[in-house]
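Look for chain A in each of the two complexes below; its partner is chain B in the first and chain C in the second.
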Partner chain A sequence: MTESLLLPLAQTGVFELLAPTPPGWGGNLLRGFINSMGIGMGAFALGLLIGTGGAYGKLYGGAVLRDLLKVYTTLIRAVPELVLVLLIFFAVPDVINRTLDTLGYRPIDVSGLVAGIAALGLVQGAYATEVLRGAILAVPQGQIEAGRAFGMTPTMLMRRITLPAMLPFAIPGLANLWLVATKNTALLAVVGFNELTLETRQAAGATKAYFTFFMAAGVLYLLLTLISNIFIGRVEHWARRGLPPIAESR
Partner chain B sequence: MTYSTTTSANSRPVARLEAHRIVLIAIGIALAATAAALMRWDWLPNYYALAIEGLWRTVLILIVTCAIGFALAVPLGMAQVTGPIWLSLPAKAFCTVIRGTPLLLQLWLLYYGLGALFPHYPWIRESNLWPLFRQAWPYAILALSLSCAGYEGEVMRGAFAGVPLGQLEAARAFGMSRWKVFRRVWLPQAIHKALPTLAGETVLQLKSMPLVATITVVDLYAVALRVRQDTYVIYEPLLLLAVAYMTLTGVLVWIFNHLEARIPVRVG
Partner chain C sequence: MTATIRAIPRNTVSDAAAEAIHIEDLHKTFGTLHVLKGVSLSARDGDVVAVIGSSGSGKSTLLRCINCLESPTSGVIRVNGEEIRLKPDGNGSTVPADRKQIERIRSRLGMVFQSFNLWNHLTLIENVIEVPVSVLGVKRERATAEAEKLLARVGLLEKRDIYPAFLSGGQQQRGAIARALAVQPRVMLFDEPTSALDPELVGEVLAVIAGLAREGRTMILVTHEMKFAREVATHVVFLHEGRLEEEGSPDALFSSPKSERLQQFIRRVG
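On to the complex of A and B.
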């Protein structure tokens, strides 16, 4: 009985299927994983950049800028990521090439990597704006005022006071965003970019060992999350140096 | 004279519509009008009925999966807070795995994986449930419910742990049974604490709804894809879809605000 139950699971050896060289599909999976990591890191970095600008704009910008940023964060956070990715993934190369065309340049080939980073980065930026805005507000405002009273220029104030002081408040939210970024890369499978999930589906479709491959990809994503968590713990420990430890809740 | 000018300057900003906002709204309306005038909308009458059906299906899947997810999240959270180790460990592992892998992968694992596995067992094919297993929507419901349970289970863990111990001790001291303590004290206070977070999770759940279209369930997003396939109109259906989702998000946030307003809050 048990044999007949396990039979479909053991169609072909798992290790043969996951071997890194061509008869196995491990190499494809790893290549997809590296693509995913690249997109995730790029999107997170772009999101941080947009987020920092957005948070400063929302806190210190003029009335028009603040309203525009509010529209940006609200729109992006209310529309499903998949729809946004689909819109941006195709719209960004389109817009770039049309602009180049009107300026009299040759159209360029925007790679899937760049379009993917742009799409996910714009989504990340909206969330990062809110995280960083909250973190800056959590800094005792007297510190920022004191810095300004010392005659620091805005950039120096940001570099020496605001950013280091807000980091402990921002890290939990940013860590969450990083994990969301790595998982959102899977959405690019829908638009046909060769990241881990799409590579997995192709491998699974070719060998019919759907369970094996999706499980393997799940393990890869999970490992990324767990290893990230260890690093996040260290970074948080570093960012909170000199601050009282968080009280344990029971 | 001076008195009246200072009061008008210091008075509460009654006018929410400042000049720049009027300009921004005008620009927004102009953009919408341009989109309506210059883009192609001739496909709309043909797909109107299908879109309404898709919208209804999206909302239905959202309600069903959130209900099942929350029903699973309560025991998951409870098991992690007070359960014995053989319950708390699997609950924690479940939440970690669900939260650590993309939903799209979970969906495809269940749909393609289980879908490829089931036909190998004759007793499943002969059972009465086989017509159900051959369709896509049970897998969509299953995957989305489990995902919802994983995320909300973690939220409920924090909420259960956050209820002050003294409250539970007081309830026990009144002679309430364990079940009654849970029903009358622990669960209501935990839900109260978790409600804003649950609202956020529900919005996230709504936004992951389009993923079911990748396993052939015809939701709102699938209708937009179909329009694109049939008519080669790319951006218009997606823009309309974005507007539809924004409306749904707005309704959802409004409902949760309403729920939160019903709970009395004492501000010290």
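On to the complex of A and C.
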């Protein structure tokens, strides 16, 4: 049964093409996949940081900060991500080096990885700001007030009460963002960063086995999503531990 | 530079030591709404002050000014002889001048809310040890041992690892009382602790509060339970439209109310 399925594949040389060592291209694909994961995780983490700060700034910040954040979230969410990625990918290293230059330091070589994380992280941050702002608003005010009434400092309140209490409301939105982050890494192909999509294109171009390689890349993305879903489900279950179970609605 | 001799700050005066709460000419406005119009009130250690009055008379606002959940528009508030330092906020009202001071004072005022407000993401025992551990710096093991005693006292020890959402209203409120007791409060502040409860659950919560009153805890208790106020209070104040209309011993107030308004109020609520 399995043999009859695998035999035609073997005959077309799929396994040679996907072998992990040259002349197979599997190693390249995996390396691209790992790069994509690195960028995706970095961008998601940066987005979470920006998002937390952004949500707090929008909710509790002064008028100037609120306006600035509004400009940030509006602009980022208005402009196509590809345009932003191109802009930030080339602008960020430039800004860093100009700053270093004016401060009298020598320019540094900003790696594609750092620039990529910065670019996608800034995009993620805008969306995360809104996800987290909504989640914080969903926390019953009385819980935050109880923290204040017992003398918690603002940072303690955030760490001990607000953040854990808003988590169950944030997870569906954040899970979306994580999946988007893993796939947005493909945008970095256009700037020549060796992530999965670019590696796939190169392998496909060199061997003309377009279908094989893009299918393989698709499977990798799909596996990532499936594994993520399991993980997200666990985290969500844990975050909802204090909430009553969803009533069956029919 | 010569050393300057500073005036002794007012918050260190000791003649008010036995006075747990002292409120003088407290005003509070929300926008154009004048909610508290010059309320003065004092509670000495061991007093149980019941605050009664119809809905909207400003009872909650008064209570929330004591721990600065609301900043008074003007007036003086002293907690255990320490005056809460306020500064003008530029809009004709005030804000706390010293956040650290407010946090310190708050951490020794055990507030119990109408809607319980237990933290949903923490189990009952975690709720009770949260403030001792993270605000007061008590060691976790010690706080847990204390918390178990308090939970036993309110009859909830077997529920220690349950999340609040899985408890009844009465159990949640008893848990909230344990949480307030865990900070070893100098004064407990109750804001209508039984108003959100089903009638059959009111008794169990009142029993706990009555027990606290008997052991001489200082408390300010906003309540609609007149019979209960009469039983446990050492002093009753009647608020009407932001003014302290009448005050006195429970017997005096409930048996022979002087003001027209209080007579009407007592007739209405029974």
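Convention: the second predicted complex is superposed on the first by the 234 of 250 C-alpha atoms of A that agree within 3 Å, B and C clash if a C-alpha of one lies under 4 Å from a C-alpha of the other, contacts with A are read in each partner's own complex, and residues count from 1 in each chain.
We take it that a residue touches a chain if its C-beta (ideal position, glycine included) is under 8 Å from a C-beta of that chain, and two chains touch if they have at least 3 such contacts.
Here the structure is a predicted model, which is why all the values come from computation and not from measurement.
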Based on the superposition on chain A, does the combination of chain B and chain C result in a clash or a fit?
fit
Touch check for A:Q143: first (chain B), second (chain C), both, or neither?
second
Identify the partner contact of A:L86: answer first if only chain B is touched, second if only chain C is, both if each is, neither if none is.
first
Does chain B (first) or chain C (second) touch A:P244, or do both, or does neither?
second
After lining up the shared chain so the two structures overlap, which partner does A:G233 touch, if you call chain B first and chain C second: first, second, both or neither?
neither
Once the structures are superposed on A, label A:P164 by its partner contacts, choosing first (chain B), second (chain C), both or neither.
second
Quick one: angle from chain B through chain A to chain C, Cα centres, nearest 10°?
100
CA minimum distance (chain B, chain C), superposed complexes, angstrom
6
Over in the complex, which chain A residues touch chain C? Could you list them?
140, 142-143, 145-153, 156, 160-161, 164-165, 167, 241-244
Once bound in the complex, which stretches of chain A touch chain B?
5, 7-9, 63-64, 67-68, 71, 75, 78-84, 86-87, 90-91, 179, 183-187, 189-190, 197, 200-201, 204, 208, 210-211, 214-215, 217-218, 221-222, 225-226, 249-250
Using the touch definition from the top, list the residues of chain B that touch chain A in their complex.
18, 20-21, 24, 96-97, 99-106, 108-109, 112-117, 120-121, 161-162, 165, 203, 206-211, 214, 221, 234-235, 238-239, 241-242, 245-246, 249-250
Note which residues of chain C are touching chain A in the complex, please.
67, 69, 99, 102-109, 111, 113, 115-123, 130-131, 134-135, 163-166, 183
